[in-house]
Amino acid sequence: MTREERHHVLVKPLRIFAALMALLTLTILYAFVPGLPFKTEAGLGIALAKALLIALLFMQLKGASGIVRIAAVAGLVWAGFLYVLTFADLLTR
Amino acid sequence: MTETPEAGLLAREPGERNYLTDGTTVRSWLLTTDHKRIALLYAAGITFFFFLGGAAATLIRAELVTPKGDLLSADTYNRVFTLHGVIMVWFFLVPSIPTTLGNFLLPLMIGADEVAYPKLNLFSWYLWLSGGLLTLFALLAGGVDTGWTFYTPFSTLYSNSHVLLAAAGVFVAGFSSIATGINFLATIHLLRAKGMTWMRLPLFAWSMYTTSLVMVLATPVLAMALLLVFAERAFGMPIFDPRSGGDPILFQHLFWFYSHPAVYIMVLPAMGVVSEVIACEARRRVFGYEFMVYAMLMIALIGFMVWGHHMFVSGQSPFASLVFSALSFVIAVPSAIKVFNWTGTLYRGQIRFSTPMLYALGFVGLFTLGGLTGLFLASLPVDVELTDTYFVTAHFHYIMVGGSVSAFFAGLHFWWPKITGRMYSETMGKFAAVSMFFGFNFTFFPQFILGYMGMPRRYHEYPPEFQPWQVMSSTGAVVLAFAYLWPLFYLTWSLVKGPRADDNPHDATGLEWQTSSPPPTGNFNTPPVVTEAPYGYHPQGFAPHSAAPTEQAQTP
Amino acid sequence: MTDTALQKPWADAERQRVATQFGVWMFLATETLFFGGIFLFYTVSRIENSAGFMAGARHTDVWFGSINTVVLLTSSLTMAIAERAVRIGAVPLARAMYFATIALGLCFVTVKGFEYWKDVSEHLLPGRDFPIAQTGASEFWAFYWTVTVVHAIHLTIGLGIVARMLLIPRDQLAARWTTAEGTALYWHLVDVVWVFLYPLLYLAGR
Amino acid sequence: MMEQASTLAPQVDRIFWMLTGISVAIMLLVGTLVLLFSFRYRRGTSVPRGPVPEKLSGEIEIGWTAATLFVFVFLFWFAAALDTEQFKIPKHAMEIHVVAKQWMWKLEHPNGAREINALHVPVGVPVRLVMTSQDVIHSFFVPAFRIKQDVLPGRYVYAWFQASKIGTYHLFCTEYCGTDHSRMIGGIIVQSAADYARWSSAQPQGDNLADQGAKLFVQMGCSGCHGGSAVVRAPNLAGVYGRPVPMTGGGFVTADEGYLRDSILMPQKQVVAGYAPIMPSYEGTASEDDVVKLVAYLKSGKVK
């Protein structure tokens, strides 16, 4: 294994992993320290950050070709239709 | 390994190699990854389910001849109409055109030698078949009585029938749908022949693209809805149960998020078929090709945002109803564009009234009427009156049966020579096409009147004032049943005794007509290169092969 | 960089790679909508029965949840290393990492098993003995059981797919790097779903 | 023509027939063009067949797209306008409680008269329906009135009509509800004011709904906590109906029928600010009929 290969195969994933662990610690702390506002939002926000790290870096969406990225985003956009229109009912009942 | 009997029949000449003769063992069919063979496997399956669902329809129409429930008990009747709906929707209409004509033609039309994931294609047939068998088992075990809509809390807490088995069957078949959709999307994106740009794709390929989008993005939500029904019914998880704070309307949102777009899964492929047939038989370029493409894309997209028009009386909020009503009117625009463009394609054509053309013209008429009655159901106060009555039944049968099934038959006849290498009897075909059109209208037009008079859906017994229209509808159903059975007879005959078809009997322009009939296993002997837009039919004069072999076909 | 094992109908490695990625990502998009359906149930129920729903949520065991989050994130790391190792032809490292991934996956399932056992012993399975009276609490637990079982099934399928990578003969593994990419994508998705489940199940109402 | 027996019916019919007119016109247009082209351009005729100029076909395309969009937007507006008007339920409407179950309709008049699968109403008086289901989803459909509303378990839903013509009209269940769905039908009997009064007074005399509710309020022990001199601290319910109630955890909820119902059957769902969530659920103790009576009592203004 060359130096570059080692960097690519081991060092980079380990750094991402370290970031994930840091985020996990943060989310636990935020949830259990009493009196902090927006707990749900914070929990989901940190989950989103973790998911983005995994998707962009572990799953290499960052360097993927255009159609692959479109495929990845399509699910979220369509889930958006489901949520927005269901809440158009639910929140105005 | 045994030789299948068809092998000898289907070879054009002794020793000729095509996809039908290339491997003749049962194993070579059941383990095939050839998209053309998989198309035939599906064709066998959906033919079975179509006639099974049709048998249920026959029972329903027979029962409804009289106002009293004298043929079937109430429970049996409920099981029969559920069977009819479940089988026809998931095991006939949704897979019908995509998995048979689509599987067969899509790679051929774009100049590819396979679909993107051949093994996944075979796997999806097995998934679909398992789903079908599970559902069939539910039927044999005593049936399901929830209606194809599986509304909670009836399906989860009150029904005494085999809901779990049927839901599991539909769940599994859903994944087959997803697999087919992913396969087609990747095929179109990645396997187009050289020169086959997006705006040179035949409209049937575009219709497969948009259908696949809907399949891939809608079906998972149905799968989850059914899974939640399963969890509530089988394991007592309080999910939609109002006694625990659950919301039965949530199920309806999840269900219709799939089931309204599913209507477009059924009708978009039909639009693709009809565009191909009309362009070829009128010898014209499709009028407004680009508009046709964008119309289909709009239908696929906006189709996801209109599901709430099934729920105007469900107890959803008035605000949501207004939003869904407005969006439902918007989606009528691209549908109207398509109808106008088919009409425009006929203008200045060289129209030949072959069997596929008669079916296709029938589609245009029935789809237009079906679409226009959709406007009634998009209008809030009128929908309140008409929803869950026979008006709705008539409306969606016009779209899905009058429309999609006519188009399926149009495509089946149009590509029959390519698929089987044989010609069918043109006389018989025209007779069937005309009977289907009249039989259909005879059966379903009276149901608009019944609905307007207030006759509710899914009624085993009904007040006597509705009887004349019900009798008329049932009489029409006899004609319709004949029109569906008749092709089974002459098409089977053509397999055995039909004259050999040449490679391009309709003198059509698509790439699928440039290979032999039936095509070789690898589709093309040399990879095709595309140099011009589709539908390069000559605007003037006769087509070179005007004495098409279709007119010389033997009658049995 | 080694040769690529090409599969029908692809003509070159790059095309096959795009095909694998596109196919798997399309599937992951369907998974987004699949789980989107049950998350919608969570959201609706939490809004409609907010107090009871949160009261139910407070009964989950944050220790089990957190340990499993660490386990699953680590398995994503081993999977990422394995995939990259296949790409450069470091077969022994790749195989070791696949073994590690499977071990971590099994560890997750085991911890989940203990957690289920504890939940059942506290009667947290909705039914007659369910201890929390507030409306909405049993809705939360219906979500908990359904979604974790569905997730566990995904994870089990993932274990099978990873095991399949180990069945590929050593000398052919490097050429199957597009398969390795597809496998990794699936495994990471199972992880991403859990990343969202974690705050919804274990941190809600604290 | 369908019978028009409510004030709503002619308005709905106006839209219906307008839609029918537009549909027939479009059908005729498409049908004529298809037949005309099919005849004129059938194979073998010698008529001019040059290509359609690109620009012209583009303009035609944009033209009919715009035209259909315009027509459809107009139709939406026209139909939605009536619908929004229909949301305004007249005040002082006569109130009928509807409880649906597999497979019958139970209807209760404000004076306590009860009917099954039949409803007597006076002509020309607005009637408000407060509906719920004991089991699955049903749907209350009176074709002659052009009204339909799904009746849901666990929730109150509302509909209203004003009958305009004396006669007997069908009542159908239009949401599939199991075995005898098609027998879950009944009749709406619209009578003149005098006939209705006669019918009403001939009913077995009992307490009206609110008074029955008042009795239940004591029998079921509600008054033990919610009564004026109660020891346990619970919200006083005098005049609660229609008022905004502050909630634990912030926000207000208007105390409509649905809220009162939920507070009896699922008391922990929405707890009034400043009170402990100690009230037991009456799920299984109070039937939907009982709840109807209790709610009628709470609405009556007789609560002290």
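As written, the chains take the letters A, B, C and D, and residue 1 is the first residue of each chain.
Quick note on the criterion: contacts are C-beta pairs under 8 Å (C-beta built on N, C-alpha and C of every residue); 3 or more make two chains touch, one makes a residue touch a chain.
The model shown is predicted, which means the values in this text are computed figures rather than measured ones.
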Partition of the remaining chains by touching, absent chain D: one piece
Chain whose averaged C-alpha position falls nearest the assembly-wide average: B
Chains most often in contact, by C-beta pairs: B-D
Averaged-CA centre spacing for the pair chain D and chain A, given as whole angstrom: 44
Approximate Å spacing (C-alpha centroids) for the pair chain A, chain B: 39
Centroid distance [mean C-alpha coordinates] between chain D and chain B, Å: 36
Where chain B touches two or more other chains at once, by residue number: 189, 217, 221, 245-246, 249-250, 253-254, 315, 318
Chain C: positions in contact with at least two other chains: 18, 22, 26, 29-33, 36-37, 40, 44, 48-49, 52, 135-136
Contacts with 2+ other chains: residues of chain D: 266, 269
Inter-chain touch pairs (all): A-B, A-C, B-C, B-D, C-D
Touch list for chain B against partner chain A, complex: 189, 217, 221, 249-250, 253-254, 257, 304-305, 307-308, 311, 315-320, 323-324
Complex contact set, residues of chain B against chain C: 33, 112-118, 120, 178, 182, 185-186, 189-191, 216-221, 223-225, 227-228, 231-232, 235-239, 244-247, 250, 253-254
Chain D residues within the chain B interface of the complex: 2, 8, 11-12, 15-16, 19, 22-23, 26-27, 30-31, 33-34, 37-38, 41-43, 47-52, 57, 60-61, 64-65, 68-69, 72-73, 75-76, 78-80, 82-84, 86-87, 102, 135-137, 139, 141, 143-144, 146-150, 152-155, 157, 170, 172-183, 185, 266, 269, 283
In the complex, chain C residues that touch chain A: 18, 21-22, 25-26, 28-33, 36-37, 40, 43-44, 47-48, 62, 66, 69-70, 73-74, 76-77, 79-81, 84-85, 88, 90, 93, 181, 184-185, 188-189, 191-192, 195-196, 198-200, 203-204, 206
Complex interface listing, chain A residues touching chain C: 1, 5, 8-10, 13-14, 16-17, 20-21, 24, 27-28, 31-32, 39-40, 43-44, 46-47, 50-51, 54-55, 58-60, 64-65, 67-68, 71-72, 74-76, 78-79, 82-83, 86, 90-91
